[in-house]
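In the two complexes that follow, chain A is the common piece, with chain B as its partner first and chain C second.
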Partner chain A sequence: MRYFLRRWMQAVFLLIGVSILTFLFSAIAPGNYFDEMRLNPQISPETVAALRAQYQLDRPLPVRYARWVNSLLHGEMGFSFANNSPVAPLLWARARNTLLLTLTATLIAWALALPLGIWSAETRGRLPDRALSGATAALLVIPELVLALGLLILAVRSGWFPTGGMFSVGFEILSPMQKFRDVAWHMELPVLALVLSALPILVRHVRAAVAEVLDAPFLRAAASHGIPQRTLHYKYALRAAANPLISLFGFSLGVLLSGSLLVEVVMSWPGLGPLLLEAILARDLYVVIGGVLCSTIFLVAGNFFADVLMYWADPRIRTGAAAK
Partner chain B sequence: MISLLQVQDLHVAYISGAGKVSPALEGVSFDVLPGETLGVLGESGSGKSTLALALVRLLPGNAEIQKGAIQFEGQDLLRARPRALERVRGARIGLVFQEPSLALHPTIRIGKQVSDVLAAHEAASRAARHQKTLQLLREVFPADASRIADSYPHQLSGGQQQRVLIAQAIACGPSLIIADEPTASLDPTTQQEILELFRMLREKFNLSLILITHNPPLLAGLADRVLVLYAGKVVEIGPTEQVLGSPQHPYTHALMQSVPPGLDEPAKDRKSRLRVIPGEAPNLAVLMNGCRFESRCTDRMEQCAEREPPAVAMSEVHAVSCFKYGE
Partner chain C sequence: MIQLSGWKRWLLAIVVLHGIVACAGFFAPYDPTEQDREHPYLPPMRIHLVDTQGHFHFRPFFYAEQLRVGSFDQFEERSQQAIPLRFFVTGARYDLLGLLPFRTHLFGAEASRVYLLGSDAYGRDQLSRILYGGQISLLAGMLGAGLTLLIGVLIGATAGYLGGWRDGLLMRVAELFMALPWLYLLFALRAFLPLSVSPVQAFFLIILVIGAVGWARPARLVRGVVLSARERDFVRAARGFGATDSYLLRRHILPETSSVILTQAAILVPQFVLAEMTLSFLGLGVPEPVPSWGSLLASLQQYSVLVSYWWMYLPALAIVPFFLGYLGLASALQQDAGTEKIVRTAGGSRW
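After this line comes the complex of A and B, so read on.
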């Protein structure tokens, strides 16, 4: 239990650190939301100053941070100037969509990477392995942005996929089943872009981790007991290779999340990505901070989940932690 | 009696990435009778581990069985399909490896690793398998089988791990156990316990045993016959008392001379320096015409470097490959 307590403490300190840093950076960054109003001759400098005072932007940084923490504790996370509403509900609606995209892509990418990586390791040096290595190398050098744009062109040319968004027109009148299928249809392309961007890294790591244990004496011993090859590779080899792969799982969540922000902008998926981009361009301070914090929470939660998995999968960590 | 295992003219070589061929076994022939224990004696590099793996067709990818035949319970294992081999391994032939700490999966419970062996060969309910697992573990751990079943390998000592490997090897009632240096990594007391366990199980389940070792005293009192392997060839084979007691081949003779005297022998014998065999085992990648032991042999003759000595029968059961005893 102390193992988890320690991980929790680390996560909390990390989040506090990230929030302070984003605050600092946003203070250093030039300009604020009301600067554009100054260019407008119809708004007097006094009005702008009054607005700044109203939103407390003229107060010193520590005070602003304390007030923001206070609003965070009240579930608001500050106020969005551009949307004229508290940040939390805005973020939550968007974060859900991002999470939907990221988690789906993570699951699919891993469901593909495990068998492909094992297959590649099994056929080391032979044709399937070489073909897979070539394919992953090719995918690896294509930037995400190009991948997303390429898929978008495909969608436009072929008409097989929607070219953006999350819902069709008239979504409200659909039955629950139709709603589900409509969202799934809209997800296909962005999820495909994400899976393709993460897959090569995952396949290569799975291959390396499994190849390393395929020669291990305990696998040969298990083979000498007549345990069939399927069990050997999918159970014995995979479990022995689990530790680096679980760490990679936490990391892959981060990669897919940051990839998702980009893909969302390109494919106009109503997630955190477009919201953050608009907020940054408009200097909508608290939305930016909230968005960054939100992404950090995803990442930390992903890694925490990986730690839990690791604890569950490796008895040596379990007993090591119990001994301490 | 019909032999259980019959190996004929087995040739195995390792092939490097550059295509260089290094023979590991050259023309090995022997047989094992039901219930018999055959000791295989050889130094490192003599091909004894290669032999163990070749018998169950688990050689690494860079090894190649070039020719020969392995008859086991009426089928030629060299011609068996992968599926048929999976049914022989574990079920009819059990293997015990030399590094027990490496031969168990690090993150799967012992009980599960034993019951996986059962599951591979027998259709039984989970509960029945669990019962049988505990019963098997009780054979090797009379006192605390269920605690061991719930443990992970890293929680056990080397001797306990070796007992688990033995339980796995006997799980499905095989007729033959191949043990490759089963005691090499254990301390002397544990070694004796493990050998005692082999002796007990052999009687109880009427097992044939191939016991591979570099240590002659281990075989005394345990093996019925001994096969001496040198540089991939059988140099001497015969009843244990004859091979170890009055070795005929110059190599076996030299090997027995280099065994340290036991503590029960007179002190003056113990103080003398331990004899070693001068020279080194030959590099098998270099082609040789004569006897493999020729360069280190004290009894060498002219023809030794020119051609290989054939196996000469000293008696009906004892054969030696050396020109000293005729053509």
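After this line comes the complex of A and C, so read on.
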């Protein structure tokens, strides 16, 4: 339990650090939302000053930070000037969609990477391995932006996929089953882009980790006992190779979160990406901070999940933690 | 035939690619900002060797194109007007490598402009824009990587050499930077900088932003090397002879980090070129009319362009060979470092 407690403390410190960092950035930044207003001749300087005072933007940085933490504790995360509403509900609606996309892509990518990587390790140096290495190398040199735009053009020209958004027109009148299908249909393309961009790295790591274990004496002994290969590789080899892969899980989540930001904008998926972009263009300070913090929370949660998995998978950590 | 081993072959490929982009003026037939309002959104032209009568020509040629009657964006070839493609033609003035005034272009044509990769909304030549855009994107990537490595080495060396609480503090901050998804970090930094700026300012802003995002990983790697180099015998000996800290760092410790820095550079440059592309694509980077790979792609955000003018996507593919080259170089360098270590330890055990 102490192990988890320490991880929790680390996560909390990380979040505090990130929030302070983003606030510092925002303090250094020239200009804010109300500067645009000031250029508008129809709004008097007094109104702008009053608004600035209302949102406490004329106060020193520590005061602003304290007020923001206070509003965070009340579940608001500051105030969006452009949307004239608290940030949290705004973020929450979008974060759900981003999470849906990212988690689906993570699951599918891992579900594909494990068998492909193991297969590649089994046939080391032979045709399947070489073909897979070639394919992953090819995917590796195609950046996400290029991939996403290419897929979108393909979708537009072929008409097989919807070209953006999350729902069809008239989504409200569909039955729950149809709604589910509609969203799944809209998800196909962005998820495909994300999976294809994450897959090569994952396959390569799985291959490396499993290949290292396959030569181990205990596996040879098990093989000579007549344990079938499938059980051997998927049950014993994978278990022994699990440690680096589990820590890779947290990393893959970070990569997919970044990737999803871009894919969402390209494919107009109503997630955090478009919201953040709009907020940047409107200089909507607290939405930007909230978005960055939100992504950090996802990442921390993912890493925490990886830690739990590691604790469960590796008895050395368990006993080590107990011994301490 | 010269035998090139491992990373040198990749380096050669990268140098050739960069050379082409650096000499964009020569390889591009036209000025990237020169407009041709008669031919907006012209699809890539077909280059022929056989004419309509079935005769074969040694000199490649193309047909002049004109708007189809009753249409505003459909072009057709005028088969009666064949225009030969000429090589080493004299055309628009440009400065080779920014210094030498030149007028010779690799290819071009008289009587009509040739659009190998089509034209954009203002009839500007896509090929020329891609080549010139590469100059902006690659330069931003390389300067950004240089800035990042500079920050990374400074912080890493400071942390590794001084140790103690300073090391702890710097590395905690580095972890903070590494914990954030990098695109979010890039966005956050960009969000707090001025939006409407001149292209030159935007260019340096971008370099500043991408340079400030990536320093954490090189800093950690450099710190590790410095930490172990500090305790090596020759460093301790030099210190015993009364060498000052700055002499030790300059002369004995920082040279040890060179292979790490080189590998990191090969990893960072393509990443940062992509970062520039992403920012400009989203309208947060280098604005029109200056071409960069990202701003060339920005028009794809309009649905109508996406549907009808697929060749506007071609600038995206320009980055792929560069990615391949840098990826190959980075992995070859890493492999080299690995085998070198093995060779060194194997040689050592014999003694």
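Just so it is clear, the second predicted complex is superposed on the first by the 324 of 324 C-alpha atoms of A that agree within 3 Å, B and C clash if a C-alpha of one lies under 4 Å from a C-alpha of the other, contacts with A are read in each partner's own complex, and residues count from 1 in each chain.
Criterion: a contact is a pair of C-beta atoms (placed from the backbone, for glycine too) under 8 Å apart; a residue touches a chain by one contact, two chains touch by 3 or more.
Because the structure is a prediction, the values reported are computed rather than measured.
Applying the stated clash criterion after superposition on chain A shows that chain B and chain C can sit side by side.
Greater residue coverage of chain A by touch, when chain B is weighed against chain C, goes to C. In the superposition on chain A, no contact is made by A:L127 with either chain B or chain C. Once the two complexes are laid over each other on the shared chain, residue contacts for A:L299 go to chain C alone; chain B is not touched.
Contacts of A:M177 after superposition on the shared chain: neither chain B nor chain C is touched. With both structures placed on the common chain, the touch criterion links A:I142 to chain C but leaves chain B unconnected. With both structures placed on the common chain, the touch criterion links A:L281 to chain C but leaves chain B unconnected. Angle at chain A (Cα centre) between the Cα centres of chain B and chain C in the superposed arrangement: 90°, in steps of 10. Put simply, the nearest alpha carbons of chain B and chain C end up 17 Å apart when the two models share chain A. Residues of chain A touching chain C in their complex: 14, 17-18, 21-22, 25-26, 28-31, 137, 140-143, 145-146, 149-150, 152-153, 156-157, 163, 254-255, 257-259, 261-262, 265, 276-277, 279-281, 283, 288-289, 291-292, 295-296, 299-300. Note for the complex: chain C touches chain A at residues 172-173, 175-176, 179-185, 187-195, 274, 277-278, 281-284, 297, 300, 303, 306-307, 310, 313, 316-317, 319-320, 323-324, 327. Residues 215-218, 220-229, 231, 236, 239-240, 242, 313-316, 319 of chain A are the ones that touch chain B when the two sit in their complex. Here chain B touches chain A in the complex through residues 53, 56, 58, 60, 86-91, 94-95, 97, 99, 102-109, 113, 116-117, 120-121, 152, 154-155, 165, 168-169, 171-172, going by the rule given at the top.
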